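Both complexes shown next keep subunit A, but they swap its partner, so subunit B is in the first and subunit C is in the second.
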Partner chain A sequence: MEVLVCVKRVPAPGAKVPLTEDAQDIDTRHLGFTIGPHEECAVEEAVRLVEAHGGHVTVLAAGPPEVAEQLRYALAMGADRGVLVDTGAAELDPEATAAAVVHAIRTLDAEPFDLVLFGNESADAGHYQVGIRVACELGLPIVGGIKGIDVDGAAGDRLRLRRDVATGVEVYEVPLPTAAAVKEGLNLPRYPTMPGRLKARKAQLLTIPFEPAAGGLRKVRLRQPHDDREAAIVLGHGAAAAPAVVDVLEELGAV
Partner chain B sequence: MTSLPSRADVVVIGAGIVGNCLSYHLADLGWRDIVLLDKGPLPDPGGSTGHASNFIFPVDHSKEITALTLDSMRQYEKLGTITTCGGIEVAREHVRVRELQRRMASAVAWGIEADLLNPDEVAHLVPFMDTSIILAGFWTPSVAVVDPLQTGALLREQATAQGALTVSASTEVTGIRTEGGRVRGVSTDRGDIETETVVIACGVWSPRIARMAGARIPLTPAVHQMIDVGPIPELAATKTEIAYPIVRDMDALMYERQSGPDLEIGSYAHRPILHEPDDIPSLEAAALSPTQLPFTDEDFDPQMEAALELFGPILNTPGAGVRHAINGLLSLTPDGSPVLGETPEVRGLWSAAAVWIKEGPGVARMLAQWMTDGTPEIDLHAADIARFYPHQRTSAHVRARTSEGFNKTYGIVHPREQWESNRQQRLSPFHVREKELGAEFFEVGGWERPQFYESNRGLLDEFGDRIPDRPDEWDARWWSPISNAEHLAMRERAAMIDVSAFAQFDVSGPGVVDYLQRLTMAQVDRPVGRLIYTPILTPHGGFRSDLTIVRLADDRYRIITGGADDARDAFWFTRHLPEDGSVTFTDVTSAVCTLGLWGPRARDVLSAATEDDVSNAAFGFGTARMITVNSVPVLALRVSYVGDLGWELHAPFEQGLRLWDVIAAAGEPHGIVPAGIGVYGTTGRLEKGYRLMGAELDAEYDPVEAGLALPKVKAADFIGKAAYLAARESGPAATLCTLTVDDHTGIEGTPRYPQGGEPVLTLDGERIVDRKGRGSYVTSAGAGPSVGAYLLMAYLPPEHAVEGTSLLVEYLTEQYPVTVARAGRTPLFDPDDSRMKS
Partner chain C sequence: MLLTVVDEQPGSLDTLGMARTIGTPVAAVAFGTAADGAKLADELVKHGVGTLHLISHELLTDYAPEAFGEALAQLIARLRPEGVIATGDDRGAEVMAQAAARARLPLATQCVSVTGGDPWQLTRIRGGGMLLEDAELTAATKLITVAPGAAGAAEISEVRAVDECVVEAFTPELAPELARTRVVARTTRGDGVSLATAEVVVSGGRGVGSAAGYAVLEELAGLLGGAVGCSRVATNNGWRPHSDQVGLTGTKISPKLYIACGISGATQHWVGCMDAAAILAVNTDPEAPMVTRATYAVIGDVHDVLPAVVAEIRARAGPRR
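Moving on, here comes the complex of A and B:
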């Protein structure tokens, strides 16, 4: 099975996300970068699928040359090949990102993919769009919110995709090739091994330059969320606090 | 949440290992109304304590750091927050094996059990290490891991239970109020506190907090990379935090230690990555903690390869991944030592910064003593914040030296090793001539001083037969036989020595005699023109300093002190100025240059350059006079640290070059040579048995032991007097002796030369310890070219401090026979000082 996993380089902030003075961007001067948890699960799932069924895992990221760091992380987890769609420093909206991914997949069409995996939404912008746009453009089926993937059918040419909904579990059967957008909880991603990291460091990345047209989304500005958490109230100390704790639990309907 | 008190006896800022321990020790010494603040939450406020690797290797070449570490280990032991696991420093290279042998000598000198192991013995202790690539291991069974957060919590609890401490977490300091150079209070986001004493124990943030009060703490936050790899079945099976010895892979500048089911790998091998205290992210903005910054893979990759070489057998375990990786921040200082003590800029503002987990509790206990009694029991001169000269407090200097020093953390550092960065800071007026003469410059206090002169290489033809060869590269590193030749030329003819690095302070005013009497052990109320050598004592009667004072007028003295330690002296003398303004202190170091002129022909040389009468009758030993040398007004001091006839010639800085040229020309017919500090600081002084501050003299030894007690005790009171009187009464627990090396032949058949710091042993190879528990070690080592022997100094207890006693010195695991040649201050060379006084 040939699996493509699309990942995004995102900042790894703490509880408070620092913004630039013009409020247009996250201030990343003192931040590290990572891939989102959904995408980490996508990489893990791809590696497991290929371990079980053969094939290759290709990992793709669009953005500035620095996205190589995230590609190498995925390689260290066990992906076989990295594709860097070099779109320069400018931030891409979902439309432009999808165009870049589509361009890269078409450039690589000598080796068609059976499965294209996305994270359900990016860890920073969270537009929920790129996977659907790419699938639509390529004419692939896509299901979002996936928390389980099984290879189905004697020929191994179908997937059973599972997702949680409020009323229970939905199961989809899709023929390959297909796309899927997965969620954290799909699996427990592995940590990269040291030999894996060293191998990834030396791996050659395939770079595809691409200048996407600007998408239709315009950012006005970013804003810190209001801190509407209420201050903690001390109910008491030691055993003396017990009645107050019981009151609260009763109020909450817990007892 | 408890409210902040409006007043406190002391405010400790920073609840890391140092702040917590210090709060406890202050309470223990009777302080009350202590407030401990931290801007972060407890128990881990987010500083370096929270992510430190927490292991302790007790053996260090520095006596001071070792003493602090051992004291800390005892405290952790008492609290039950220490787990002993043992530790091994392994060598991959032959030069490192030698360094481990040197460490062995330090272990013996400081009384720490240790052993050198072969690779098989190492494999026995750490079975999952590939020992085929190592040559040896230095095993210290007492190496341990501690829990600094638990330690802090316990100590806060104890101090709080005594009613002495208020702890306020999540409280950010916004300002430190000062008035007339004194601390008055601390402002926080939760209110203001009035106080006279503030301690900055803020680790990497310390410079920023000090700046609020107008003081400088010279350190920089720097990255130390750490990763955790696991789970590893062999480690998980132990079901404990640490069951195997910690391994320091010294040549890779790394360590590996078990951390539960993981192997933690830390590195000091990557490029220096420095940060600014102002750029450290806030608690809210940090992904992990403010001092755990994003890991930068590319810096760590070469270290991963090194780790795989040594620990491949377990790091390659399937499923073992890199579970945690950080660029941890720690504090680096320009010389690698902590920054402790009251800041010179602001009274009542104390620094307790740049301290490792291994020294934290010990540093805290010493600081508490220092703040309470004016001096700690462990000599801390190398960690004293007052040691830094103005240029050394600049960020340019801090960045340059910490960048250079970072990779020396596990490096092999020669005791005479010179820094390369940020040199050429302080140049004497003779510098241009010295360069022409091919001087090899060594640095002291930022001054460039000639150690020896290439121009004197020709002297080796003349004196070479009296200069033993040093065939071993280590023994000869940062050394030249030219120093010995310069020495012999001085003893036969005359030498001129640049001693402009001396610090010079003028003190004057109606209160000056009382002021100086209080600080000095010797009587300073002597006639105008007298030179007075005097120890400066700590309140406990140990050495704070030793220096020379000249009485220039009834109400004016000049203090002349060495270039290595004078920033601390300036601090001491200014801190004790009377508050009534009756004494004025002026630092004239930058206004005065000094040329030493010594040797049997010195009088002939000086006579040829001055019309003043410099005969012994007119200008006796131990006096000072103004003379004119050519057109240069010179304050001439008839004194010598090398034991020969001659003068220190003190001149206006801008006329220094003229003075040099005049003396050089006058000296030419007499065969004068320029001589370096190799003569002044080592060969000349050792032959004469002169003690050096920081080597023989420190706060842990008193004047009676150093052989510097005076025949009479002056009536005037002075700091340390009670202790000095008691020491005179009880007699020395150890006496400073001069030893000669009887046989230099090492195991390879070549002569070897101890470099200082080595343990002195009995003929049975037993460590020698005096009744105060202090081990005997070599305080200084160097050639005595005129006495034809290699000389060592060491404090020995009375039973060994007997001339003619045979002992051993352990150097690089070999023992060399030595003999006590002098017990006490009588020099080997010219014992009755007839040359100097002729």
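Moving on, here comes the complex of A and C:
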């Protein structure tokens, strides 16, 4: 099975989210980067599917050249090949991102993919649409919110996809090739091993430069949400705080 | 004209309020049978909506994201509305993204406010509430989804009822192939207190220390009739199932009381619990962001504080508990 996973490089802020002076981006001078948890699960699932059924895992990220770091992380988790779609430093709108991903997939057309995995939404922008736009452009079926993937059918040419809804679980059965947008909880991603990291560090990435046209959604500025919380009331220290805690629980009607 | 996507879910008509802040007239669109349409029209009359575009087709009798999106895209092509507004729940977001992709239109998701005109000026949520983004949306038909909880019902109460809501039937042309992404089976979850709806959530992070360490959280949650939650560190360590995880990539909750035990309060966790009416933080570190942003705090070790709280509750309840 040939599996493609699309991942995005996102900042990993702690308790505060600093902004740049022009309010266009998160100030990442003192922050690390990561791929979103949904996408980490997508990489893990792809690696497991290929371990079980053969084939290759390709990971693809569009963005500045630094996305190489996230591609190498996915390679260290067990992906076979990394594709860097170099679209420059500026954040892309979701139509432009989808165009870049589609362009890259068409460039890789010699080896068509059986399965294309996305995160349900990107961790920073959360547009909830890049995967659907790409699948639609490529004529692939796609279902979002997936938390379970089983290969089905005698010929292994169908997938059973499960997703959680408020009332329970919905099951979909789609023919390959297909796309799916997955959520954290699909699996428990592995930590890359030391040999995996070393191999990933040396791996060649395929770079595809692309300048997509802008879409109709234009970011003007980012803002911190308003937070007018007062300082916490400290009820006490250690076990001695228990009576004060239960007083509050009673006041709130919790006991 | 603005189109608002509605269904029978409670709160679905809240988006009408957001639509009216953008412009008028506002018409509704829904998927379903003639009977569904009649029922919705009765409700829409009270909300001052005079037209319901009812999309019906045999491929739409059960949820099918591609078919729903294609049908909506065809209705957009026919009516050429100024904008289409839908609730940003999982299904609403998916159908709108499908429609946007098929109609080749931009889509702004997770909006909390919109000002009409050309372009639309809007504010949307990023990172589950970590940041706000002001943006401009330029398109022949502008598509938005409303962040869950952002569309207040307030404006609706001021709206005058209309005499009648006319149901306009629309039958899209759907290729049978679109049935490939259709629900083929369903299982229903058992009862029990669910994380998403519990009034009290007792949640633990790295500070709980181990899977076994959650026993006292379970016990306290039991006494308070609540559910147990956790941070991503607990999930990643295999201490708790992911279904317990609160946060950006877990569940977003709004209980009456959130008790955060040994959780530092990283933004990705915070956005999942910040809508709680009250937060009690239990943490060894008085400077932890969860402690400073909570309503109440106890400085101390989870495994000293929680057993004492459990004992105190039992003591006050009397000797027979």
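Assume the second predicted complex is superposed on the first by the 227 of 255 C-alpha atoms of A that agree within 3 Å, B and C clash if a C-alpha of one lies under 4 Å from a C-alpha of the other, contacts with A are read in each partner's own complex, and residues count from 1 in each chain.
Definition applied: a residue touches a chain if its C-beta (ideal position, glycine included) is under 8 Å from a C-beta of that chain, and two chains touch if they have at least 3 such contacts.
The model shown is predicted, which means the values in this text are computed figures rather than measured ones.
Peer 1: Under the stated touch criterion, which partner chain does A:R201 make contact with: subunit B (first), subunit C (second), both, or neither?
Peer 2: Touch partner of A:R201: subunit B, not subunit C.
Peer 1: Taking the superposition on A as described, I'd like to know which of subunit B and subunit C A:R190 touches: first, second, both or neither.
Peer 2: It touches subunit B, and subunit C stays clear.
Peer 1: Could you look at A:E69 and tell me whether it touches subunit B, subunit C, both or neither (first, second, both, neither)?
Peer 2: Touch partner of A:E69: subunit B, not subunit C.
Peer 1: Go through the superposed model and pick first if A:V245 touches only subunit B, second if only subunit C, both, or neither.
Peer 2: second
Peer 1: What's your read, subunit B or subunit C touching more residues of subunit A?
Peer 2: Looking at subunit B versus subunit C, the one contacting more residues of subunit A is C.
Peer 1: Identify the partner contact of A:G14: answer first if only subunit B is touched, second if only subunit C is, both if each is, neither if none is.
Peer 2: Both partners, subunit B and subunit C.
Peer 1: Identify the partner contact of A:H30: answer first if only subunit B is touched, second if only subunit C is, both if each is, neither if none is.
Peer 2: first
Peer 1: With both complexes superposed on chain A, which partner does A:Y128 reach: first (subunit B), second (subunit C), both or neither?
Peer 2: Second partner only.
Peer 1: In the superposed arrangement, which partner chain does A:P94 touch: subunit B (first), subunit C (second), both, or neither?
Peer 2: It touches subunit C, and subunit B stays clear.
Peer 1: From the superposed pair, tell me which subunit A residues show up as contacts to subunit B and also as contacts to subunit C.
Peer 2: Shared contact residues on subunit A (touching subunit B in one complex, subunit C in the other): 13-17, 234.
Peer 1: For the complex, give me every residue of subunit C touching subunit A.
Peer 2: Those residues of subunit C that touch subunit A are 63, 65-66, 69, 88, 90, 93-94, 97-98, 100-102, 105-110, 119, 121, 125-139, 142, 145, 180-189, 196, 199-200, 223-224, 226, 232, 235-236, 238, 241-243, 245, 248-250, 256-257, 264-268, 270, 278, 280-281, 286, 289, 291-301, 304-305, 307-309, 311-313, 316-317.
Peer 1: Looking at the complex, which residues from subunit B come into contact with subunit A?
Peer 2: 1, 229, 279-288, 293-295, 297-298, 301, 304-305, 307-308, 315-316, 319-323
Peer 1: Mind listing the subunit A positions that touch subunit B in their complex?
Peer 2: 12-18, 29-33, 69, 72, 190-198, 201, 234
Peer 1: Quick one: which bits of subunit A touch subunit C in the complex? Just the residue numbers, please.
Peer 2: Touching subunit C: residues 13-17, 19, 26, 36-38, 93-95, 98, 123-129, 132-133, 135-137, 141-145, 164-175, 183-185, 188, 215-225, 227, 229, 231-243, 245-246, 248-249, 252-255 of subunit A.
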